[in-house]
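Have a look at the structure below before the remarks.
Here the chain labels run A, B, C, D, E and F in written order, and each chain numbers its own residues starting at 1.
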Amino acid sequence: MARADGRSDDALREVRITRGYQDWPAGSVLVEFGRTRVLCAASVQEGVPRWRAGSGLGWVTAEYAMLPSSTNTRSTRESVKGRIGGRTHEISRLVGRSLRACIDMAALGENTIALDCDVIQADGGTRTAAITGAYVALADAITWLSAAGRLSDPKPLSCSIAAVSVGVVDGRVRLDLPYEEDSRAEVDMNVVATDHGTLVEVQGTGEGATFTRSTMDKMIDFALAGCAELSRMQAEALAAPYPGELPGGAA
Amino acid sequence: MARADGRSDDALREVRITRGYQDWPAGSVLVEFGRTRVLCAASVQEGVPRWRAGSGLGWVTAEYAMLPSSTNTRSTRESVKGRIGGRTHEISRLVGRSLRACIDMAALGENTIALDCDVIQADGGTRTAAITGAYVALADAITWLSAAGRLSDPKPLSCSIAAVSVGVVDGRVRLDLPYEEDSRAEVDMNVVATDHGTLVEVQGTGEGATFTRSTMDKMIDFALAGCAELSRMQAEALAAPYPGELPGGAA
Amino acid sequence: MARADGRSDDALREVRITRGYQDWPAGSVLVEFGRTRVLCAASVQEGVPRWRAGSGLGWVTAEYAMLPSSTNTRSTRESVKGRIGGRTHEISRLVGRSLRACIDMAALGENTIALDCDVIQADGGTRTAAITGAYVALADAITWLSAAGRLSDPKPLSCSIAAVSVGVVDGRVRLDLPYEEDSRAEVDMNVVATDHGTLVEVQGTGEGATFTRSTMDKMIDFALAGCAELSRMQAEALAAPYPGELPGGAA
Amino acid sequence: MARADGRSDDALREVRITRGYQDWPAGSVLVEFGRTRVLCAASVQEGVPRWRAGSGLGWVTAEYAMLPSSTNTRSTRESVKGRIGGRTHEISRLVGRSLRACIDMAALGENTIALDCDVIQADGGTRTAAITGAYVALADAITWLSAAGRLSDPKPLSCSIAAVSVGVVDGRVRLDLPYEEDSRAEVDMNVVATDHGTLVEVQGTGEGATFTRSTMDKMIDFALAGCAELSRMQAEALAAPYPGELPGGAA
Amino acid sequence: MARADGRSDDALREVRITRGYQDWPAGSVLVEFGRTRVLCAASVQEGVPRWRAGSGLGWVTAEYAMLPSSTNTRSTRESVKGRIGGRTHEISRLVGRSLRACIDMAALGENTIALDCDVIQADGGTRTAAITGAYVALADAITWLSAAGRLSDPKPLSCSIAAVSVGVVDGRVRLDLPYEEDSRAEVDMNVVATDHGTLVEVQGTGEGATFTRSTMDKMIDFALAGCAELSRMQAEALAAPYPGELPGGAA
Amino acid sequence: MARADGRSDDALREVRITRGYQDWPAGSVLVEFGRTRVLCAASVQEGVPRWRAGSGLGWVTAEYAMLPSSTNTRSTRESVKGRIGGRTHEISRLVGRSLRACIDMAALGENTIALDCDVIQADGGTRTAAITGAYVALADAITWLSAAGRLSDPKPLSCSIAAVSVGVVDGRVRLDLPYEEDSRAEVDMNVVATDHGTLVEVQGTGEGATFTRSTMDKMIDFALAGCAELSRMQAEALAAPYPGELPGGAA
């Protein structure tokens, strides 16, 4: 049974990475996985949270949110509800944890990088798009910090980080699910990996269904190949010169 | 003393209006006043709030928010603070009130249109840009409702709504202030007007300074001329065919 | 068409200003505009908010609230709701901004004056009554600080501040609207002015109706005359000796 | 050792009860125990809370709050904190419970009476003043309901309710403590009683000290005599005709 | 009329006190009054709250909560509601106040002891069981502090504290009410007393009924006898050696 | 390098499962993995959440929380903070999702089972212990519902659910980590599986380190063997008759 957009089961949607999307943050990337669009900004703040002060180590934190107008049916703003929901918390924590895996905190020095991942349009896979885009924004922020002479060590990034979703739909393992597939998937997995092919995070869930060891193995195969492809695209995007003038706002 | 960007005192910044920016809402407009960029989405919801149910009348509501990465220095998310600040409340109320001035609620029928104005990049005048963009998104949502046969009367919009800021900077009355001027203005005024040249809302404030009746008169002159110019741009933008396919998500 | 209480269109309601209403705050004024009654207290606190510390400048802040029993139909307490509503935020900010226009923060020195405006009974125009009363409480607090030798300069007040509402009701411009008129006004405007006849704040709104430039001009005329009258009453009230013993509680 | 105001140990402060203080609520009483002043309003609402609907029984609820300017040193508004403190909760519950002891809920019918006790000025004993004043406001609200023909039975009040504080100060049992005594009392007790001399609530606390059975007995003696005196004053206040026109607002 | 469990009116339920229930806190006691089970933990924290710092005095604070599964019908978690209810606040304050009556804060030195009373199973009298158990946990925490050489004076406890409920059920005064009696009691009283027979706190309430002076006297008689019995059980429990190894976690 | 407690790398800690721990809920289990102790209660509520009403389907929901005294250093209550933290949200969602995998919602009928997992003592692996204990409580609640004739179908459970943690510590893959190992693990994984050996959820994380595909495979091997062992213990515990009388409270 074919996919609605004609892709093969192990193919990514069309991916676009636009750097320098905003003028003020040190890194600002619009990442698109098909119709899913996430704005990933990396803001540099001098100093670190109180519990880390004086350690000589930096910190990377992340917040994920969805615009009310990003979803098929308008969703209520969490600021209006007065509390952040469980899903938002979970994804914010996942993005932060994933990006911290590629950075040497001692090399970063006592700087904090805040990664804001705001979903402009949601069509499945927003958290994996967020991680993939946030890496590029983080890399630009690092370059900016380096140019400003604010790093303790010139190379704080040990690898790159990308992420993709994979699931079981219509009984078949499929990569990079759009909303239409995601909403009826029997198993849903998000995989975060480095450009070295090692794993950072694996989150696989069967709600209403369970899955065998061999299905899991095939999902991991698809996801690692997808992440390798995304790593190549990130490297290509970062190889280009920074579009427009360098941000000065965050100085 | 000249303005930093070389504009004359009564000139607007470059304005761009991009319709169909998102795929799901019935209207979605990216409006730009110079570097200020606001995403205005109009989402249609069947029915009206409880206090209005059964009246046969529709409702238009608005919410304004800033992305943390939109400001020169990263700002804290209001969802994280757990409460919406005074400024956000004030602007959300202003946007809703302003847009309700152009619409015949009986013609709208028992539908609610939620206007979400999310600031992507802030450089002064975000609230007036939000109102100006929200009108275009509202007009597209009305067209969408009309096409869906869901209006009680085919012409619910009696006029168009635009808004602009005006202030006293360096002792001179100036139109459409960027952040650099706004932050040191002696008097700050926001004016909302219709394409008929009538006023919807006037909010003028002197913090630390007061202003004379004649200064006020000149500010109103500048603002009404600026709004007339914005009304022409809105009409021009709306005269073009809808870009891409019509949204189906809000149906 | 005559007004329900027989006033001419440009007349104020009966205004009463009672100083020394409470014993503890440095200034405490009960102000009455007809049946509208607002208790305005000025409490002196040593020091200023953290963001202003060390500047040598003082600070004036304001909070507005309504007793649940002050409104025609009992209203829910905001402390019970757990959040302050948009209208309350908006008015608190307006009162603070307005009163800061008359005071030289350097002369005040690093003292904070908190203005609490609590509505005891609401019958339209509570925010303008609050501003008018808060000025008198502020003036008493300044006298108290001066007597205590805590001012950097003996004359921190450069002018007095008064405010009044004006609107269009039954097609006529009218001053100082009671609830019965306010609730059906086509245009509603609040004007804050100094005893020098200059403007501090103008907020005019047409909900459901728009208004012409000439209507606006007439509203400003009425409001400036009303504020001049209120300024005279404030001066008269402050000319009398302080009723009872001077407050010691805030020392 | 004499009391600062010259009273004997078993004497009340000067008590004043002013009915009809506000125009809108069905009952509105300003009660003063010396410098302590509490505004007690009784608002009538048709119907009862959901958990009681259809029972044929009425409900009486109470909320206690302090104006920020009522205390010697300005206190922070609970609406600003976003939560109601423990002390406020405790007193609100005490007031409601106490007043429910005098009313036949079946006779009240499915009406709710909300008692708002807002402290205008605090000088010790605010909770007992609140209960004493709230009874008079409640009685006026009952008269109002009766006149409106909305009671199931004409006499829902079975007794009157008054309250007073008593404590051990300087080693002596004393009645009706002002703040100066209350703040250094070794034992502090609040007693709520009926005009029949029976008890409704007894709350005695020794913080930092404990007290003997015989001290407790003497405190109860003083408090019951004080409550009897307050009951007489309440009856006297209620015997006078309602000042001004009857409230129509709550109808 | 006999009690459901066959006890005489002045008898306690079976009481069990289990020390060392948890491994980490300096004191941890499971107290049982019949089916009522409360886990009382005393955690030692170095330093005192900011308002007390530098005074040389220690502090004791308490928090009471119920597991959702502890009540007959599952109750909603207060963390989920986002606010602590009035009853919880009231009891937390009562427990803290009661336990502070037995301790010399100067002898404690600048240490804080946090008493957490979590109800595992509720069958009436949870607050009095909490106080009774918290005393034992507090005593163990004091022993632990003493062994660690962190007390300013070796004997900070001047007495022991116990508490019991008493009420009027079926027209009879009865001690230590289980839920089945408590829920239909005409009068409900909680009494906190020391092993010297003095009173710390008396809270008596008649909801829907009032009570005479002589009933009150009899309730106090029963309660003081019950507390004396509980004091003996506490002393006996504390006379045994500490079960298992001494906690090291709180060091 | 040996483990502190002498276990082999693939061995579980001592596991104890105590059914009928509380009297009121339909299922109540104290589960212990070494020093980790979690109280898992399953409360039956008639009906389902509004969004599911009328579907004929049941619902299972879960809430996880830690007693303040359960952790090595006392933790602040989330009810006091006024918000539930990200970790708590994440685990509550995980527990609910995992348990829903074993139940046929149509067979359950329109009943809701609320699973409360309250950590009494934390020593690593609290979430996996919670899932393992919650299954047993759920099974008892199902038996109770069946006895009460309230199931649409007598066998709503299709499998059993158990969970265990596995990680990389000191460079070695190890099963069921206590806090001492967990806090320094390079990779941390939680695996939820059925007694059929299929997977329900896999969550693997490397913070600060990444892991290879082959390490992941070995972790899954250990975890599946651990879950199989836990499934046997659950079956054994459930094979015994219910201790004490059946709960009646939740009826």
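Some observations on this one:
Assume a residue touches a chain if its C-beta (ideal position, glycine included) is under 8 Å from a C-beta of that chain, and two chains touch if they have at least 3 such contacts.
Here the structure is a predicted model, which means the values were calculated and not measured.
In summary, no chain was found to touch both subunit A and subunit F. Both subunit B and subunit F are touched by A.
Fitting subunit B to subunit E on CA positions gives a rotation angle of 180°, reported to the nearest 5.
Just one of E-F, D-E or C-D has an interface built like that of A-F, with over half of its contact pairs in common by residue number: D-E. For this pair, subunit A with subunit E, the centres built from the Cα atoms lie 51 Å apart.
Rounded to whole angstrom, the centroid-to-centroid distance between subunit C and subunit F, based on C-alpha atoms, equals 59 Å.
Taking each chain's centre as the average of its CA atoms, subunit A and subunit B sit 32 Å apart.
The mean-CA centres of subunit B and subunit C are about 29 angstrom from one another, to the nearest whole unit. For subunit B, the set of residues that touch two or more other chains comprises 82-84. Order of chains round the ring, counted from subunit E and going first to subunit F: E, F, A, B, C, D. Against subunit E, the residues of subunit F that register as touching in their complex are 22-25, 28, 35, 39, 41, 43, 45, 63, 65, 67-74, 77-84, 88, 114, 116, 118, 120-121, 249-250. Within the complex, the subunit D residues that touch subunit E are 83-87, 89-90, 92-93, 97, 100-101, 159, 189, 193-194, 196-213, 216, 220, 224.
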